[in-house]
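Multiple structures are listed underneath, in structure tokens.
Presented sequentially are two complexes of subunit A, the first with subunit B as partner and the second with subunit C.
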Partner chain A sequence: MPIDRPTDLDAALASLSDVPSAHLLAGGTDAMVEITFDQRRPEHIVALRRIPELRGYRVDDDELTFGAMLTYTQVERELASTAPGLAMAARTVGSPQIRNTGTIGGNLGTASPAGDTLPWLLALDARVELRSVRGSRELSLADFVTGPKRTAREPDELITAVRVPRVEGPQHVAKLGPRNAMVISVAMAAVIVDTTNRRVRAAFGSVGPRPIRASDAEQQVSDAIDWDALTCPDDAIVHFADACAEASQPISDHRSTADYRRHAVAVLAARSLRRCLAA
Partner chain B sequence: MSDPDPTPTEPTPAPDPEAYELTINGRTRAVPSAWLGESLLYVLRERLGLPGAKNACEQGECGSCSLYLDGLLVNSCCVLAADATDARIDTVEGLADGDQLTDVQQAFLDAGAVQCGFCIPGLITTVHDLLDRTPTPSQLEVREAISGNLCRCTGYGRILQAVEDVRAQREAAR
Partner chain C sequence: MSSASTTTRDRVRDGLGQDADRPDGTPKVTGGFAFSSDLHARGMLWGRTLRSPHPSARIVSIDTSAAEAMAGVTTVVTAADVPGKATYGLEHADQPVFASEVVRYQGEPIAAVAAEHPELAVRALEAIEVEYEVLDPVTDPEHAMAAAAPIHPDGNVVRHLPLRHGDVEATGEVVVEGTYEVGMQDQAFMGPESGLAIPADDGGVELYMSTQWLHVDRDQVAACLALPPDQVRMTLAGVGGAFGAREDVSLQVHVCLLALRTGRPVKMLYSREESFFGHVHRHPARMWFRHHADRDGQLVKVEARLVLDGGAYASTSSAVIANAVCFAGGPYRVPNAQIHGYAVRTNNPPCGAMRGFGVVQACYGHESQMDKLADALGMDPVELRLKNALKPGDTLLTGQVITGTAPVREVIEAAVAHPLPPEPSDDDPALALPGGAGLTAERGDVRRGVGFGVSIKNLMFSEGFDDYSTAGVLLELDGHGQAIATVHCASAEVGQGFVTLAQQITRERLGVDQVMLRPADTAIGSAGSSSASRQTWMSGGAVELACDAVREALFERAVARRDLALDDADHPLFDLRDGHVVEAGGSASIPLVDLLAEGPIERIEVHRHAPTDPLDEDGQGNAHVSFAFAAHRAVVDVDPDLGLIRVVQIATGQDVGRALNPRAVVGQIEGGIAQGVGLAVMEEIVIEDGKVRNPSFTDYLIPTALDMPEVLATVIEQPEPGAPFGAKGVGEPPTISSTPAVAAAVRAATGLALPRVPIHPEDIALTPARDG
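For the complex of A and B:
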């Protein structure tokens, strides 16, 4: 099993072009577990941690760009005021040890239904940047994640960054699990009261094959909110919660039941919206 | 957690042709013939005779294999050893100066924070990381910092006491 250790983006793309079947190694917190437990036997590994183009983030007037190798710890420490919901999501990931290595790009590449950053990214209509020697393209996150742990990434493509529009207004991310640390979520909610565009954005994780956007619920509650006072009638919040639960597509598995997850979506949706409006 | 060294579950296919070197506690160590899919934890314990990082879950859940990679606290079971060739690796073995324990190690002994001891190397590296970054952590910050280190003996009370003792000692010394 050869390993390539490219030190810049072009070299990484050349490696992937030569061996499109190579497994991409970002933080390793998913890949190493699969390799150790013999669930994955890569023919070839392209290790990404030396590539400066994938690190860091950029804050522009209208857009935030997160490099694929941005770690959860960096998000938590450096982006808490710029991307508060993403920082909240990052802080729920695993443990400090996991957050020091795990990356946004890895979360996208793994595309688990329980990926902790995905609901927030989906709620903000994130766009995933993919590069290969053939060129670059951008996909909406909704088009990028095609199913549980399945993406539209072509074998020779590398996730280089993910972008979201900058919006004003309060955000909240809530994760439900047996304890605060070290859990894969039973259900997760990201709610953004986007005062720039005067619309509520809401998306959910672990309650469907992919992260789920509650578009109808968003529309109804956005119409009910008083955008100048940032208040919302309580019955509209309850209705929003029910509509979010309605949009979810949970299954029963070893972590929870479909009924409990649907209930949890309603509770987390209402709680997150109330916290946003109280902020 | 009484078994001091569970049998590694890591399979070992045929070695790869590539030999590589790791820099561990300031020393360069050759890894001459290993399968390139091996974790750093496995290479340390099974190839280089450094058993300080403990092998329990092998999936990033328990923290007993915690060490520093370029100064960052990580689970060594989740690090591909062959990808750490240019990194600075510091393990629990590198903390004490001969028989002279660090303040954190001594405080764990003094507070009775060590029972079976299996989780302790991971907790020692984790607590050093916390107190070096955050000299006066709140109780919640301490709990969050050690949230990825499982101890099944102590109930954590004396571990939290040991952390508080080091915090107080360091504050008094400033």
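For the complex of A and C:
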């Protein structure tokens, strides 16, 4: 099995253009599981670790750009104050070993309904940057993730980065699972009280085929918040929680039940918003 | 210990009672230890097993021709190729080596292949065509018991064990009743099943295998291969944990058959997923109890009906149900009882041995009942337990009188004497709250609860089983003229520390520093199983006997020396100290090395525990050898809205007889508690229509460091009469009552009844509270 190890972006795009069926290897934490379970037998691999353009992140006045190869450990350590919600999400991923090697680009590439960075990214209207020898394009995360583990990426495209607007205001990310660490989300909530745009942003993971944005709930509660005092009447928070639960589309499986997941969305939404307002 | 040691036994370096290091400790930590999965032989083939995807089906046809025709595939075997007995099993040989007509559980082996490469073996499996007529699985034990057509010719009730004790009509003034369930737990050992079989020149086979009991494997393999037992030679390969899951045969027959057919070494190694189908699990249980007591809280009677789901094959189900029935009353004085236990066959995965062996299930039931009773009596749950605590001379439900130690009061008092954890505070680290790294709760969302559990566990094999162990000790001079002892015993080191103990005993009894261990193998007699908390007593006892026989031989040599003045040559009193044989009371002494210059001394001894009796038709009889007791107090934090749990602390008192290696004892206590906590709050094999839904560590969750509570342990040392060195087995008790203690603590925190473990988040979050 050939393995290409390009050392710059152009070489990687060229490889991918030559062999669009090639498997892109980032941290390999999803890939190795699939190979072990014989769900994937790559014929050709393009390894991404040596490509400097994919690494790191950029902090601009109005925008944050995360390179596809940014690891969870880097997010936790370096972005806790710039992107607090993303850092909280990163901390919930797997174990230290997984966080040292797993990447944001891989989380997007897999696009699992339980991908733990996706709710926060979705809540911030993230835009995914895709590049190929044919050029580059940007898709909203909502358009990028088309279904459970399905994306709009063309075979010859590489995810190079993901961008979010830089917003002020408190954020909270909460991940629910039946174990206190190293667990797949049964429900995941990202709530951002965006004081820049005076709106609450809320999205949820593991409660639908794709990460879910609770737009109606956001709208109602944003209207109810006193943005100068950053307070919200209790019944509006309860409504917000119920509307978030309403927006979720959970299923029952061996990990949990739909009823419990819907209930959890409400609890996590209310708690996360309260935590933001109390911060 | 100090080098100034002179004459007392206790001062032997790394002798008994000391925290001797494990001989395999450093290699295990540094990665140098060879586990069975690391085995390799030149020119070896890779074996794989084809398994049924259906829990119940008729096999219409099996076509292996395409697989056999593949390049690099050396052989394919099915039931038709098994030369000897078609079935095996620990208690009843009811399990086919390969299914040929019907499959009775998902994952049942149908064929095996050997190929030049593991990947080729996988592809060969894909090329085998099996046509099934899929049947509806029988998955509910109650239905299985009532079924007109049994799943297996041996019937669906593997064992019905009634127990009647005292006056079965007796009633108490206070009566509480409850139905409880326990889910299917997996042993979740670290190293999946693996073994290497090498064909031998004499037509036999050598098998290197991670297992719990070499000789019982050997006998089953030999029978299925139609070989005399001495042509199946087994050696223990590095074992990555066992907890009962390696007591039954898994790949042993398959891998030997492949090696004999191909004439080449064959290795088999299960993946984690396959491992979930490759070994037995803990029996799920459904248990009804009715407890009667008088107004003062004195137990009057226990009634119970216990149903264990044994899955498709018998395995050790009959012994497991016996334990559940015999100890259904718990570590309490219960004058009257009527109990019915059933181990039932279904199309679920086979269940058998797991740490605690039937007592785990019963204990969850009786301890839940004790709390209910305390509630009904308005009595403190600890006081109720103390009031009824067994003591030496008391009678068990089986009519057996406890002749050994029974420090039930002491273990309870030790558990509750430990300080409680600090009160919850806003300064607690966020990771320490329920939900842990997920940051789902704040302090205000969390309620604390405390609960108790107390247990009794039989040690070693019961019901008249001829339980013994064999050990050999060789004492000789090494190349430098120093004394060196070599111990040979087939006792399987599965992590419990027998290798350490064997060295400690030998150092202690022979006073030599250098003690080597030969690999555990079938070149010596059986040591019995590394299960039932039995190896310290059984094989430790055998090593002691062998050491004593070597001592005797040394003393005989000493007697033969003329320079030792003897008062009474027929009954000399000697001791072994500081490398010398010394005359008791006298000053005469001979260096050990001088005596060994005459040649090595080797002795092999067999050790049996006191005999036991079968249970009679009323479940009465002296069926057990000895009992160990433990008490646990659990403190939990619960987030009732989300149903998440964080076990904060477990305090325990455990009856150990004597701690021969205190550090190893605490290791067993902590590890056992981890498994008990796991069963209480997360560990469950999820089965739907006979199919396992979570055969991986992604979805079969076991506690991580963040789920593991602080453990405060007190060992109660009351030497057990009849036990070598007074030591009781310590492996199982910590697992048993920790589960009900955690469940009780969660009930205390939530006010919910929670009649089932593991407690899942939705059981808490979606159940309306009892009293609002």
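One rule holds in what follows: the second predicted complex is superposed on the first by the 279 of 279 C-alpha atoms of A that agree within 3 Å, B and C clash if a C-alpha of one lies under 4 Å from a C-alpha of the other, contacts with A are read in each partner's own complex, and residues count from 1 in each chain.
The criterion applied here is as follows: a contact is a pair of C-beta atoms (placed from the backbone, for glycine too) under 8 Å apart; a residue touches a chain by one contact, two chains touch by 3 or more.
Everything numeric here is computed off the predicted structure, so don't read it as measured data.
Asker: For A:D38, using the defined touch cut-off, is the partner it touches subunit B, subunit C, both, or neither? Pick first, second, both or neither.
Answerer: Both partners, subunit B and subunit C.
Asker: For A:R275, using the defined touch cut-off, is the partner it touches subunit B, subunit C, both, or neither? Pick first, second, both or neither.
Answerer: In the superposition, A:R275 contacts subunit C only.
Asker: Once chain A of both complexes is superposed, is A:I3 in touch with subunit B (first), subunit C (second), both, or neither?
Answerer: A:I3: touches subunit B, not subunit C.
Asker: Of the partners subunit B and subunit C, which touch A:A181 in the superposed model: first, second, both, neither?
Answerer: A:A181 contacts both subunit B and subunit C.
Asker: Contacts for A:S81 in the overlay, against subunit B (first) and subunit C (second): which applies, first, second, both or neither?
Answerer: Neither partner.
Asker: If we overlay the two complexes on their shared chain A, which of subunit B and subunit C does A:H263 touch? Say first, second, both or neither.
Answerer: second
Asker: Give one of first, second, both or neither to describe whether A:V173 is in contact with subunit B, with subunit C, with both, or with none.
Answerer: The answer is second: A:V173 touches subunit C but not subunit B.
Asker: Share the list of subunit A residues that count as touching for subunit B in one structure and for subunit C in the other.
Answerer: Shared contact residues on subunit A: 33, 36-38, 180-182.
Asker: Mind pulling up the subunit C residues that touch subunit A in the complex?
Answerer: For subunit C paired with subunit A, touching residues are 122, 271, 273, 431, 434-442, 445, 641-644, 646, 681-682, 686, 688, 693-694, 698-699, 701, 703-707, 760-762, 765-766.
Asker: Mind listing the subunit B positions that touch subunit A in their complex?
Answerer: Listed in rising order, the residues of subunit B that touch subunit A are 9-11, 16, 18, 35-37, 39, 42, 58-61, 63, 66, 69, 72-75, 77-80, 82-83, 85-86, 126, 129, 144-145, 147-149.
Asker: For subunit A, which residues count as touching subunit C in their complex?
Answerer: 33, 36-38, 88, 91-92, 172-184, 186, 254-257, 259-260, 263-264, 267-268, 271, 275
Asker: Can you list the subunit A residues touching subunit B in their complex?
Answerer: 1-3, 5, 25, 27-29, 31-33, 35-38, 41-42, 45, 47, 49-50, 73, 94-98, 100-101, 180-182
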